[in-house]
Structure formats: C-alpha cells, structure tokens
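In what follows, structures are represented as structure tokens.
Next come two complexes, and both contain subunit A; in the first it sits with subunit B, in the second with subunit C.
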Partner chain A sequence: MLFNSYIFIFAFLPVTLLGFYLIQNRGHHSFSIFWLVAASLFFYGWWNPAYLGLLVFSTIFNFIIGIHLGKNSNNASLNKIILIIGVATNLSILGYFKYANFFIDNLNAVTDNNLILNEIILPLGISFFTFQQISYLVDAYYNETREYSFLHYCLFVTFFPQLIAGPIVHHKEILPQFIRTTVNTLKSKNIAIGLTIFCLGLFKKVILADGISIYASPIFDAAEAGVAITFFEAWSGALAYTFQLYFDFSGYSDMAIGLARMFGIRLPINFNSPYKATNISDFWKRWHITLSRLIRDYLWDPVSLSLTRFAINKEYGVIRIYILTVIIPIIFSFFWIGLWHGAGWNFIIFGFMHGFYIVFFNLWSKSKAKFFNFSIFENSKFSLLMGWSITFICVVFGWVLFRAESFEGAQIIINAMISFDEIVLPQNIHMIKHWFSNEIFINGLYDSNFKAAIWILLLLFISLALPNTLQIMKKYKPALESYIGEIVSSRNNYLQWRPIKTWALFTAVIFVLSILNISGESEFLYFQF
Partner chain B sequence: MFFKSYLRKVLLVSFIMAFLIAITNFFVDPGSIYQKYNFSTQNQTSKEFVRLAVESKYGVFRPENIFNERDIVREFAIYPVNYDCAIIGSSHVKQMSLLRNNKSLSSYCKSIKNFGVSGASLEDYLAISNMILNNEFKPKKVIFGIDLWSLNFGRDKRYVQYKKDYLSMINLLNNSENVEKSQYKGEFISIFFNLFNLEYFYRSLNEIIEPNFSKEIMEAPQFEFEKGLPYDVIMPDGSLVYSSQVIKEAEIKLENLDGLNDYKLVEGSYFQDYAVGFFIELVKYLQKNNIEVFFVLIPYHHSVISNESQPILKTIDKVTTKIYDLAKLLQVNVIGSYDPNVLQCTKDEFYDETHPKASCLKKLDNKIELNEK
Partner chain C sequence: MNKDTLVIVNNIFIEVFQDKTILLDKTTTSNDIDKWDSLNNMHLVVAIEKYFKVRITLKDIKSWKNVGDLCNWISNKVE
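The block that comes next holds the complex of A and B.
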C-alpha cells in the first residue's frame, strides 16, 4: 500500500486513526498499541503477504536477543557472543535477500562460472528495519536500553509511517513515546498539524517529484540503451533526477512525519533543505539525516575510535594518523552508505565518490587556513556561492551513478555532462511551437521540450528560496531535532503555518490537486532500499 | 478550538472542490466514459456517426475527444451490412483499407470492416469478436493484427468500454465468469476514481472553454488520402485517415527517429500462457463458425529494427516465433512481418516508429506464411 493511493488515504488511514482513538478514549492503552501493530502488519502485508513472515521473524528474533543481552549484562563474553549471533543473523538475512545475486554475479564474472540463484524478491524496507534493530541490539549490549514490552517493541519496528522508507528511528526517541499514555488521546491539534504536513509531503511527491520524473527517465533509459546523448540532454536528465529524488524522498519523509503526528508521535527530522548546503559535509547533515546519524553512531565512531587507539599505540606520525583516523573511517562509512542503497557497483562507486568528496573537503578545510588565507575564502557571499555551486554539482554527478541501472549507462551520461566540446544547441528551432506540447521525443530527446527547463528552474527555486515543510511548521515542533536549533523557522511570517483560514484553503487546494493527480500510483524511489 | 475550525475548513473546502471536479468530469465527460450513466445522447450520436460513415462516400470527420473510438467500433460491429473481412487490431492496422489508392490485403478481401482501436489488447480482440459474431451479417474472414503485446491480458484497460461483450466471450470460451467479473470490479473502481483525475479535468475544462469542433457529424469531402483533411477521417469501411496536421508533423518527426520503442512492453514477459490459451480458443471458436482466420504482422520502422541495443528486438524475436507456432497449430495463414525490409517498405512509408502508411501496408502480401488446411 502506498501513502499516495486512494486505498491508503480514504480507507486505511481513517479506519486506523478512528480505531486507535476509539480504543484510546476507552482507556485501553495496550489494546490501542496492539491495534496499531496489527494495522501496521496489515499495511506491510498488503503488498505481498509472503513478506510478513520475515518481518515478524525479524522482530521476534531481535526482541529475544535484546532480552538476553539485557539479562546477561554481567557476563561480557557471553553477551559478546549473543550480540555477534544477533548482528550476524540480521546481516545474513539482509545479505541473502539484498546482496546474494550481486555476489553470485560478481563471482561468476571472476571465476568464469555460471552459478544461478533463484530469483529473490527483495522484501520492502528490509534495510530500514534491519539496521534499526541492529542499532537496538548494540545499545542493548552496552546496557543502554530499557526493558520494553514486546508490544511496544513490535510497534517500534513495524509502526507503519516509518516502516517502509524511514525515517530510521532510534529506540530511545520513539519507544518512550509509545509508553506514555497521555499523548495519545484524540487531539485536533495533532490531527491538524499531521494532516498539513502529510498534505505538503503528498504534494511534493505526487505533483513535484512525479511531475519532473518524466524528464529524467527517458534520458537514463536512452543511456542504458547505448544511445548517444548531448551535453544539454545529459544535464537536463541529471538535474531532473536530482530534484525528483529530493522531492520524492523528502515528500515521503514529510508524509511519514505527518502520519505519525496524527497518532501523537513525533518522528525524527530526515531532510533539512539539503540542496541549500554550502559544503559536502553540510549536505550529509541535511540529507537522509537518520541514516547519516546511524552510520556515524554505529560505524564511523567505533571504527575511528579503535583506529585512533591503534595509531596512538603505534606512535604513528601525523600523516599516518590522519589517514588511519580520518580518511579510512570516512571511506569505510561511505562504502557502507553506498552499499546500503543497493546491490550494484554504481551504488558502491556512489559511496566511494561521496567518501572522497568528504575527504577532500576535510583536507581543504584544514589547509585553507594554513595555505590559502585569502579574504576571498572568508565567509563572504562569493565564498558561499562558490561552496554551494561546487557542492551542488558534486551531488548531481553522484546522483547519476545512483540512478543509472548500470555503470555503463552512468558513464554515458557523465561523459556527455563533461563533453564541453560537443555542446550542441537544440536544432530545428522551428519546432518552438511545441514548447508546451507533451512531445518529449519530437526531435532528439529534448530539442522541442523546454518544459524540462521550466520544471528544473521552478524546483531549484523551491529548494533554495522557500522554507522546507518542517521550517514552515517549526512553531508546532513537527519533528524531533538531532540538536537544538536544527530547524530554523522561516523569516517570512507568511510562510509560517498557523491554523487560520488562508492556510486551511492552501492545504485543501494542495490536497485536492494531489488527490486528482493520483491517477497512476508510482512507487517511492526509496522503497527499493 | 482553532485547530478544530481549521480541520473543518480543510475538509469542507476539499470536499467542495472534489465534488465540483467530479461533477464536471461526469457531465462534460470528454472521453465519453460516463455516457451510460449521465443521460447524455452520446450513445445515439455514436450510432448516428457510424450510420453516416458507412453511408458516406469519403467518410466522416472524427474530431478529437468527441467520440470514444471503442463506442464507434461497437456500433460499427453491430451495423447490419454485408462484408468479407473483419480487421481487428490496434492503431497499427487502422490505416488498412480497400477504399484508398493503396489497397491493403486486396488479394484476400473483397470488402472489409476495420475495427482497429488504439492500444488494442487481447481483451479488445475477445470483445470485438463477440460483437461481430452477434451480428447476423458475419464476415467470412477475421484478420487479427497481432502486436507484440497482444498475447497478454491486462496491457490496456480501455476495453472496459465494452466490457459486456468481453465477459460474454470469455464465458463462451471458458466459462470462467467469477474470475473475470472480479477483474471487472477493479475496472469499475478505476472508472469511479477517474472522476477525480486531474488530466481528465483539464480535458473537461478544455471542452467547456473551447468546445471541440461541432457536435454535428460532418461528411468529409473528396480529398487526397496522402495529404489528409483538417481532422481525422473515418472512412466508410472504418479505416482511418490521419489529419493533415498529423501527417505534416510526422514528416518532421521522421527525419529524426531514434528508434526507441517499448510501448506496452514488459521486459522478460512476452506472452502469458493463459492468455495464449484464450486466444487459441478464440481462433478455434471463429473457425468453428466457418470463419477463416489470418494473422497480420505490421512492420516497425527501420530505425526500430536497426537499433540493436534495445529490448524490443528480443520481444519481436520471441513473439514472432510464438505466432508462427500458433499459426501452425491452428492452421492459420500469417501475412506480413515486423521487419520492414522483408516487405520492402521504405523509410518514408511510415508516420513514426510504429505506424506504417497505406503504401507500406499495401505490401503486406509480400510475405505470406501459408498454413492452410
């Protein structure tokens, strides 16, 4: 079931919400949690009931492991073994469903064999609920978890707003909310705030992301088919995908945050205007924040810490310490970020690419003060503009690898994007009359369709000049912030949401427009991860 | 308090907007989907359209968005007139005619009725076959234009316009009423939700702001088929002549075709066994009714065939093999080829990648695979 489907909006959501509040109002808190778990499992099973078994197994297995880790906190060696079994089982399941075919394909290529594995269907959201539970096990090992009830734990894993595509929630921030009984009574405030955030997300997904997607797909499909692509076509395809991905994924996150809020639950912030970032490190603090946070806390920190200890013990020099404690942990973390997104070399290269971006940025930041101490590099507008431009271009190149179905396809587009000597202006200018037609393929890929350019400029404006959903809703604490002040409220008073007539009208209009546009359901891009 | 009032306003405005849009879509109904329910006289008009087309000398204009082409085909199928060949297929066969200078299948047919509809699916084949069999004037031959997606169910939903005929034929062939009716239920929901379709609403608004052409049905004057008239023309045999604008635009398009085509194709899924089973039953049923069946393969443009990197070539290969197997099994003649070189069609004898001109269709007879009894 998709958030942007009639069945979800007009049947599943109202029934689940009504049932939840009716049960809550009669004072049956545990039963209301059970109701939410049942609804979430129904939501997950709607797609393919066969997936349910795995989710249920994973939840029960990790809960039992978590209990054992808590019980044996005095026995460090036993606990370590339990943790290893728990993490290894999770990773094995994920590895089998997500990476087995990739592994076999590469093995075949290297050994010249022809091993064939039956087609494995990737369970939805497996990366999300697996990593969420691994982090829970690690915290249980360090005795940082409380003894939660099985029902609450089930809801922590399966809560439908965040089950399929995040935000990746941490037990410390979400489980206490389930336990509190007072927040879950029917509050028109929660419904109003949640509904508005949901509508904004739905609009971003259905109107903006789906609207621009038709300009990205033909270019990438053509590249996969080996068709030669011009400079402009490559850039328009890459930029169209850049905005498609952002509005799709952030729209989804907004919907998830809005839905959870309707039930009185606040999810963590996942996007914070990432295309406003003026350096690559800033970008990763704004893009898929909950994944970055998870990787930082459970991968980067431990690896960096152990390598630091190792380097100090060995009494290495400055350069070797820098390589061991900064470069290797960064590259290693980004390798996993790449692989987390998908089983393909393009995802791995995407990860490495961003890892190297971060390393270069780190080197630049360190050397700037020492070797390039010019006023131009101070916090001037020019410096910020330069920083933004470089960051944005780097990100766009990264998305090409992310979107392309094969490395060869990505190569064709990237080559065209940097082939400055082959810039060809649109031919057959007489086709200008087709500016506003829907013909994408009239002459070449884009010659006669400037709608793509208009879309790109419009979405660039929205991404850069307008506040994001959470900034608009800032006054009402729409999401959990990673640190105080993460969401900065909009300076423009008109762009701050209040429960007034104008905003009601605006919300209704974007809701109806989105509903009207749900003629063909399109899957969220991030579901595949 | 503020929040309750806010929620009420959001819901009220949303409801009013959605209601107005649904009402507009229902009554303006630019695609003639709701004509059965909205008391419009469109049904009568489709009948009148077909009567005038059949009785006309050079056909009638078919302005865009006024008539649902499947309604026209239904009326055309039940219109009582003697004819030799029924042509059933997609827009790829819609140019086939014996009334033009470039006659198609003239060595097989003395007269034809062309039942081509856009994106025709297997469901269309079944429904149209049911219609023509229920007419007292039955054809002697039925010619199926087989497209690359034809041996699959569910590749196009528009057949729901004549769902009763489809269900009736399905029941006749396999008595699987329950399965198919549950499929229809899904279609009904789609039709309902189409009331809230933004694109349909744009078309409705367009229809209100700029009423399309005239609702009067107009006969076409004598004209050159290669140049067309300001609107599409439906010829007395049901075939289509594109408008002059489409023909002109096609000339420009033709210069830069990239050959990419995946219309209705699903990679790795070439034909469904149960769909093939229904198709075999359909052909056998027609044969049992003393109707000779032919399969026709309409050529793709050279740019499609020569673009070796795209998956359509594999589909062509797989589907062609299957069609020849079926033809042998059912003892059916296969006319034409997906390869334009086999038929000796030239590159300019096409409107685009998939629609050959009548001059190319005339050459279909160049390739015949006989499987006669």
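The block that comes next holds the complex of A and C.
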C-alpha cells in the first residue's frame, strides 16, 4: 500500500488511527501496540503476502539473538560469537535476496560459465529493516539497549510509517516512546502537526516529484536504448532527476514523520535541505541523514579507530597515515553506501565517486589553510557560491549513475553532459527562439523545452530559497534531532507554521491538489532499495 | 574533574588540529570546533590513548557528550 494512494489515505490510515486511540482510551496499552503491529503487517503484506514470511522470520530471529546477547553479557567471548552469527545471518539473507543475481552474472562474465539462478524477487524494504536490526544487535552487544518484550520489538521493526524506506531508527530512540503510555493519548496538536507534515510530504511527492519526473525518464530511457543525446537534453534530464529524487525521497520522509506523529511518535530527521550544501561533506550531513549516521556509527568509526591506532603506533609518515586513516576508511564506507542502494556497477561507482569527492574536499580544506590562505577563500559570498556550484554539479553527476539502469546508459548521458563542443550558446535572439521551438532537443523527447526549464528553475528555487518542512514546523519539535548542527527555524514569520486558519486553509489546498493528482502507479524511488 | 586534565587535553587538541587558538572548556562539543569532525575524531582518540596510556572503546567514545565528559572519563581511568 502506498502512502500516496486513496486506499491508504481514506481507509487504512483512519481505521488504524481510530482503532489505536479507541483501544488506548480504554487503557489497553499492550493491545494498542498489538493493533499497530497487526496493521503494519497488513500494510506490508498488501503488496505481496509472500514477503511477510521473510519479515516475520527476520524479526523473530533478531529478537532471539538480542535476548541471548543480554543473557550472556558477562561472557564476552560467547557474546561476540552470538553477535557475529546474528550479523552474518542478516547479511547473508540480504546478500541472497539482493546481490545473488548480480554476483552470478559477474561470475559468469569472468569465468565464461552460464550459471543460472532462478529469478529472486527483492522483498520490499529489505535493506532498511535488515540494517535497522543489525544496528539493534550491535547496540545490544554494547549494552546500550535491551528488549524483553517481543511485541515492542515487533513494533520497532514493523512500524508502518518507517518500515519500507526509513527513516532508519535506533532502538534506543524509539522504544521509550512506545512504552510511554501518556504520550499516546489522543492530542489534537499531534494530529494537526502530523497531518500538516504528511500533507507537505504528499504535495512534494505527488505534485513536485511526479510532476518533474516526465522530464527525466525519457532522457534516461533514450540513453538506455543507445540513442545519442545532446548536451542540453542530458543536462535537463539529469537536473530533472536531481529534483525528482529529492522531492520524492524527502516527501516520503516527511510523510513518514507526519504519520508517526499522528500516533504520538517522533521519528528522526532524514533531510535538511541537502541542495543548500556548500561542500560535499555538508551534503552528506543533510542527505538521507539516518543512513549516513548508521554508516558513520557502525562502519566508519570502528574502521577508522583501528586503522588510526595501527598507523600511529607504527609511527608511519604523514602520507601513509593520511592514506590509512582518511582515504581508505572513506572509500570503504562509500563503497558500502553505493552497494547498499543496489546490486549494480553503477551504484558501486556512484559510491566510489562520492568517496573521491570527500577525499578531494578534505585535501582541499587542508591545503587551503596552508597554501592558499587568501581572503577570497574565506567565508565570502564568492567562495560560498563557488562551493555551492561545485558541490551541486558533483551531486548531479553522481545522480546520473544512480538513476541509469546500466553503466553504459550512464556513460551516454555523462558523455553528452561534458560534450562542450556541442554547446551552442545563445549568441543572439534567434538562438533562444530555436531553443523554445525545441530545435536544440533533436530527438523530440519532450513536448516542450520551455516547460522542462520552468520546472527545473521552480524546483531549484524551492530547494534553495524556501525553508524545509522541519524549519517550517521547528517550533513544534517535529522530529528527533539526528542532524549534526542546528536546524534553524524559518526566519520569515509567515513561513512558520502555527495552528491558525490560514495554515489550515493552505494545508487543505495542497492536500486537495495532491489528492486530485494521485495516479495509481507512482511508487517511491527509494522502495527499490 | 581534574583541572590539569583539561589543560593536557587542550594541548592534545592544539597538536592534533595544528591550531593554537583552540580553547576548550567543559561544555565544548564538536559543533564548536570547525576542524573537529568524524574524519579526524579518531586521531584525537588515539592521541589521548597514547598520552594517558589508556585503551578507549567505541562505547566510551559514544558516551561522551562534551569535553567535560571526556576529561571526567580520563580522570577516572588514570586515578
């Protein structure tokens, strides 16, 4: 069931919400949790009941491992073995469902064999619920959290607002909220805040992301079919996808945060205006925040700590220390970020690309202080503008690999994006006329270039100049602070949400607009991960 | 918390980040120092390990919310 479907908005959500609060009001707290778990399983099974088996098995298995980690906390070596079994089983299941076909294809290519594996259907949200549970096992191993109630554990894994595509939550930040019964009494404030955030997310998905998607897909499909693409077509397709992905995924995250809030639960922040980032490190602090923090806490930190210890104890020179303690952990972490998104070389190269971006940025920051200590590089408007432009262009190139179905398809688009000899600058007014009359887009992939350009400029404006959902709602603490740094509320008073008629009217208008434009088939892009 | 510990830790910060202007107090966090991010956090950790001859685990690192927590942890270990 999609958040952006009539069945979800008009049947599933009201029934689940009503049932939850009716049961709560009669004082049956455990039963209300059971109700939410049952509703969540129904929500998940709606796509394909066959998926349910794996989700249920994974939940039971990890709960048992967690219990054993708790029982044996005095026996460090036994606990380590239990943890390794737990993590390895999770990774093997994920590996089988997500990466087996990719592995066999590559093995066949290298060995000239022709092994064939039956088509494996990727269960929805498997990367999300697997990683969330691995993080739980590690936390339980370090005694940071513990779960004895199977029912609560089930809700931690299956809670429908964040089951399919995050935000990825930590057990210790969500569980205290489930058992704190006082919060779960019906509060009109929670419903108003939750509904507003949900509607903002719905609008971002249905109107903005789906709206611009028709300017991205034809270009990527053409490249996949091997059609030659012009410079302008490539850039407009890549930019359209850049905004489609952002509004799709951040819209989904807003909807998840809003839905959870209606049940009195606060989920962690997942986006903080990533396209406002003025350097690539800043971008990763703002984009898919709950995945970045997961990789940082469970992959980067252990690798970085052991390599740093090793390099410094060996008393290596500056360059070797830098390679061992910065370059290798960065490339390693981003390799996993890439692979996490999918089994394909384009995702792996996407990961490496961002790894190298971060390394270059780090080298630049270091050398800037030493060798280029000019005032122009200090926080001047010029340097911020330069930083923003370079970051944004790098991110757009990354998204091409992310979106393309094959590496060859991505290559065609990237080659067109850097074929500067093709650029025919609008030297005179005729040129602009040609552009509007679509002659630059030789393949006729769009009905109108003008519309594509307007969409791109409009969404660029929204991404850069307007406050994000969390800034609009800042006063009402819409989400858990997972962002490193501070989320500043919107400076303009009119853009700060308050429970007043004007905002209610605005929310109603965007809700109706979204509802009227819901099309049956528009899945969220991040569901495929 | 031992006041000397804060002074020593401050010197370690100055050495690791190569920045003489760093002045720590108990409430300082990584948000207050530009150069202090997850890329070089572990350099700091290993420098502290080396100076105080202690072993720091990931769990210890996670339990520190600010420089004050770090110094308290060191004081407890060293005593």
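Assume the second predicted complex is superposed on the first by the 500 of 529 C-alpha atoms of A that agree within 3 Å, B and C clash if a C-alpha of one lies under 4 Å from a C-alpha of the other, contacts with A are read in each partner's own complex, and residues count from 1 in each chain.
Assume a contact is a pair of C-beta atoms (placed from the backbone, for glycine too) under 8 Å apart; a residue touches a chain by one contact, two chains touch by 3 or more.
Fair warning: this is a prediction, and the values are worked out from it, not measured in the lab.
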Review point. Aligned on subunit A, subunit B and subunit C: do they clash or fit?
Key: fit
Practice item. Once the structures are superposed on A, label A:115 by its partner contacts, choosing first (subunit B), second (subunit C), both or neither. Key: neither
Review point. Touching A:454, do we find subunit B (first), subunit C (second), both, or neither?
Key: neither
Exercise for review: Could you look at A:15 and tell me whether it touches subunit B, subunit C, both or neither (first, second, both, neither)?
Suggested key: neither
Practice item. Determine how wide the angle is at the CA centre of subunit A between the CA centres of subunit C and subunit B, giving a multiple of 10 degrees. Key: 170
Study note, to complete from the structure: Chosen between subunit B and subunit C, the partner touching more subunit A residues is B
Check your understanding: Does subunit B (first) or subunit C (second) touch A:142, or do both, or does neither?
Key -> second
Check your understanding: For A:6, is the partner it touches subunit B (first), subunit C (second), both, or none of the two (neither)?
Key -> first
Check your understanding: Nearest CA pair across subunit B and subunit C in the overlay: distance in Å?
Key -> 36
Exercise for review: Name, in rising order, each residue of subunit A that touches subunit C in their complex.
Suggested key: 142-144, 281, 296-297, 300-302, 304-305, 308-309, 312, 325-326, 330, 362, 484-486
Study note, to complete from the structure: As the complex stands, subunit C meets subunit A at residues 30-31, 37-43, 45-47, 49-50, 58-59, 61-62
Revision key, fill the gap. Listed in rising order, the residues of subunit A that touch subunit B in the complex are 6, 187-189, 191-193, 195-196, 221-222, 225-227, 428, 431, 441-445, 499-501, 503-505, 507-509, 511-513, 515-517, 519
Study note, to complete from the structure: Note: in the complex, subunit B contacts subunit A through residues 2-7, 9-14, 17-18, 21, 193-194, 196-201, 252-253, 255-256, 258, 260, 307, 309-310
